[in-house]
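What follows is subunit A paired twice: with subunit B in the first complex and subunit C in the second.
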Partner chain A sequence: MSGLKSNVIRGFKAAIARSYVRVKGGNREPSWLVWEVFLPLLMISSVVYTYQNLNAPREFVGFVILGGAMMSFWFNVLWGMGSVMYWERERGNLEIFIVTGAPLYGLLLGMALGGMLNTTIRALAIILIGVFVFNAYFNPVGIPGAILIFILTLAALYSLGLSLASIYLMYARSGWRASELLSEPMMFISGMYYPITVFPFLLQLIASLFPLAIGIDGIRRCLVLGSSINSLIWHITMLVIMTVVLLWIGLKILRYMEMRARREGRLILRWI
Partner chain B sequence: MVLAIETRGLTRVFERGDRLVYALDDVSIRVPRGVIYGLLGPNGAGKTTLIRILATLLLPTRGEAFVLGFDVVREADRVRRVINLVSGGEKAGYGILTVRENLWFYSQLYGLGFSEGWRRIRELADLLDMHDFLDVRLNRISTGMAQKYSLARGLLNDPLVLFLDEPTIGLDVGAARYIRGVIRRWVDEDRDRTIFLTTHYMGEAEELCDLISIIHRGRIIATGTPSKLKSMVSKEVVYKVEVKGVSEDSLKMACSDLDWLVGLSSKTDVESGNVVVRFIMRDGDASDIIRLIEGLGGEVVSISKVEPSLEDVFLKLVGEEF
Partner chain C sequence: MDLNRWFRRIYAIMWFSWQELSNWTKPYIFAVYVMVRPLFGLLLYAYIYIAFAITSGLVNPDAAFYLITGIAFYNFIGEGIYGVTWVIHEEREHYSILKYNYISFPNLRDYLLARSLVNYIIGFIVSIIVLIIGFYLVGLGVSYLNPNIPLLLLMYIIGFIWSSFLAVTVSGTSLFSAEYGPLISEAIAGLLFLLGNVLFPTSILPQWLLPLAEVLPMADWMELMRYSLNIGYQVNLLFLLSKLLIKTIIYVIIGIVFFAIADRLARKRGVLEASFHH
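Let's turn to the complex of A and B:
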């Protein structure tokens, strides 16, 4: 078997195994319902009530629900996937992972797949509650387009998570700062609670550099405004380009950081 | 024949603020296949650093290291295919998953097939008598069970070279003996298998290892079979003496310039308060010891001539207690 093929198979097996841990572990304790569905709903509710009180158009409710649901994925990338290397090292797992010879990207892919599955369940719960409690309306015609944009957005987001995980691998706790740095500004610029079209042009341009902002905008156009896939070519193209570029950068950084971590002893020293 | 492990001039330096710490200093070892090789040394001697370099987790600062002929720096992927690592006192895995689920997880990382993984777990559960706790969550198992679990994980991929870092640390006597028995049987089953073991338990190294290196402050100071190492103190006589009424400190101070004494190690018995001392002597006999103790105002409770141990070898080579 060629080296590359064998490497990919090992990576795939590692991904399945790691996602099994993520899904099984993440759902074994029912407390996730409180932390990951009801608490985010409180924030979403406050914005919905504000819009309703201001007599904003009905579409805004759908905007907020979708923004909140998509934001769960971003938080999962930031705090779940990004920090995974830190936690694995603290638990003593990381050195064993390395010694198994399984490619690290496989573990991160598994973390991403498991995280996506868990978060999708949570996001769906948020959307369903939004529909039943706040009467949010979503156009069924836009569902195929929304699914396409959704998948591409996740691919781009989790590719970005790959680079973030490398930062945690190398700099451990300092990775938290990177996550914090990306957390609040992203809530602002991604248009979580409003369409980014309310921004001035320059800010819209900056927002369009982030996959989350493009994804949320595209999904909203499909599900709330009923846009067709054809009208979302720009969104699709941008997300595909971002996925390819971020994935390539992520894999390069991961390889580099692993070698550097071996050189500096950061795979084994937990006090760093 | 390719050696299981070989290092040449291996050096690892860590930076600690402004100063450089030599965790390993010019270490050269040759470990043939099919043996249990023990790296014996006190805490901080460099044992774990060496095992981490050989297991491809750490790069050396200088020198070369090979596992089954593969360079640990340039051919790390190949090295990883033939090795496994178990660290004593660690419980790598996920507390929320059961022991069985954790082992299956690792079996997939080692590249085993889906059903092959489950079959291997059953085999190892038989070997290590783990059936009672296979379905218990990892965060609820005892230290002894955790060590069996770790060893099972280490054997999942049937490695050709197994690195064991302090495999019996924290275990009670019975559990440690059980683990040592499994290790011995595993190597004896197939002479292509090699174990590289670090320990600071002299008895463990003596009982288990075919070949031992003693490491001190990052340098290998002696290598050989246990009997060959012990022959290094064959010209000496070792007495084990229980002393009453003299402290360890005053005893050591009084012994600092005795020409008949090669070295001594001591510890205070917590219950009786007596000091138990091992005297390694070249010239002189028991009467010299008795006179020494009595001169310090103490009393010899018991005195007996004993077989030299690796502890005595270390004491002779290093000049300080293990």
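Let's turn to the complex of A and C:
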């Protein structure tokens, strides 16, 4: 068996093993699911009531619910995938993983797959509560288009998570702070609570560099504004390009950071 | 009581807190780090008003004043509560030093309060900066600034007292759980945001939520903060102030009693040095 083939097989086996732990661990305590739906709902409800207070058009409720549900994936990328190297190292698991010989991308792919599944359950719960409690209306005709854009958005987003995780391999506590720093700016630039068309042109241009902004916009167009999938070709093309580019960059950075971390002895360093 | 000694202790804990918060980077990067989240938080919520104004063509300066002041002053409470509630989780789960700090400071509750002072100072500075930038962002004129400075400062102090003791109560639960402590503290911060007159008046909430909003001091405090910033803002000053003072006293008593019970139970069960490896 060639070296590359055996490396890929080991990578996938590690991914399946890690995602199993992720899914099992993330759902072993049902109350966590309740908390993880309840906490984002507090913020989402605040914004829905604010729009109601301003007598804003009804579609804004749908914008907020979809934005809030999609934002859970960004938090999962940041805290569940990006900072995983930090946690694994702090708990002493990273050195054990490294000595198994399985490639690090397998670990991250497993975190991504498990995280996607867990977060999808939570995001769906947020959408259902949005429909039943806040009377958010979504166009059922737009569901296939929304699902396509959703899958492409997740692929691009978790590819970005690959780069983030590699950076945290080197910078532990600073990486933790970076995760905190990347929350509000991403919430804003992605248009979590409003369409990005309200931004000035330059800001719209910057927003279009982020997969989450394009994804949220595309899903909203399908489910709230009733756009057809043909009118979303630009969104689909951008997301496909982003996935390929971000995956390539992520794998390159991961390889480089792993080499550097091994050379500088950072794999077992804690509290830095 | 030896005040000098007491102040030296508070100073030492504040210095420790400052180091823990900031020594991972250079001071100017830390300053950027402290400002980025609140400023983007401001943009995030201010654009709710801007999005509404753009799509409807309507301008409502009163609503803009409400929104900007709510976001700005929430930073003070949010940052302070975080400063108290994360200490136990962080020191036990991340750094495993809670037991050492427990024996080096006479009282865990006072240690938590002292640790939070730096966060409250940061929250105070951030709230002022966010207020100034927010006013500029939504185009609010100086006519909305007619402050009563002594009242404003008094309200900051009262805000520190009730929110820190609310956070102390929450910290009591953190002693027993690695998972639920931080979750409860996030829930409290979220509830204060939802039920505290931050982005919208509590009067538009569903009836069943109103009693909960009434129990929390946040809504009264926020209205009084708005009044102290602009004395033209309509509130029933004496009624709100007396209500807030009574609630503050109740929260202080609950904080002291609840934490004392939790502390005693935690020592009895030996969980102070038990890491839950969440």
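In this text, the second predicted complex is superposed on the first by the 270 of 272 C-alpha atoms of A that agree within 3 Å, B and C clash if a C-alpha of one lies under 4 Å from a C-alpha of the other, contacts with A are read in each partner's own complex, and residues count from 1 in each chain.
The rule we apply is simple: a residue touches a chain if its C-beta (ideal position, glycine included) is under 8 Å from a C-beta of that chain, and two chains touch if they have at least 3 such contacts.
As the structure is a computational prediction, the values presented were derived from the model and not from experiment.
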Subunit A as common anchor, with subunit B and subunit C clashing or fitting: fit
Touched partner set for A:A17, first subunit B, second subunit C, both or neither: first
If touched residues of subunit A are counted for subunit B and for subunit C, the larger one: C
Subunit B versus subunit C as contact partner of A:V8, first or second or both or neither: neither
Contacts of A:I151 with subunit B and subunit C, given as first, second, both or neither: neither
Which of subunit B and subunit C A:L128 touches, first, second, both or neither: neither
Partner chain(s) touched by A:T50 [first = subunit B, second = subunit C, both, neither]: second
Touching partner for A:F97 - first (subunit B), second (subunit C), both, neither: first
Vertex subunit A, arms to subunit B and subunit C (CA centres, degrees, nearest 10): 90
Smallest distance from any CA atom of subunit C to any CA atom of subunit B, in Å, after fitting: 7
On subunit A, the residue positions that both subunit B and subunit C contact, one per complex: 29, 91
For the subunit C and subunit A complex, residues of the former touching the latter: 24-25, 33, 36-38, 40-41, 43-45, 47-52, 54-56, 60, 63, 67, 94-95, 179, 183, 186-187, 190-191, 193-194, 198-201, 204-205, 277
Subunit B - residues contacting subunit A, complex: 14, 52, 55-59, 77, 80-81, 83-85, 87, 90-94, 96-97, 101, 104-106, 108-111, 153, 157
Complex interface listing, subunit A residues touching subunit B: 9-10, 13-14, 16-18, 20-21, 24-25, 28-29, 91-93, 95-102, 107, 262-263, 265, 267-268
Residue ranges of subunit A in contact with subunit C within the complex: 29, 32, 35, 38-39, 42-43, 45-47, 49-57, 60, 90-91, 173-174, 177, 180-181, 183-185, 187-188, 192-195, 198-199, 271
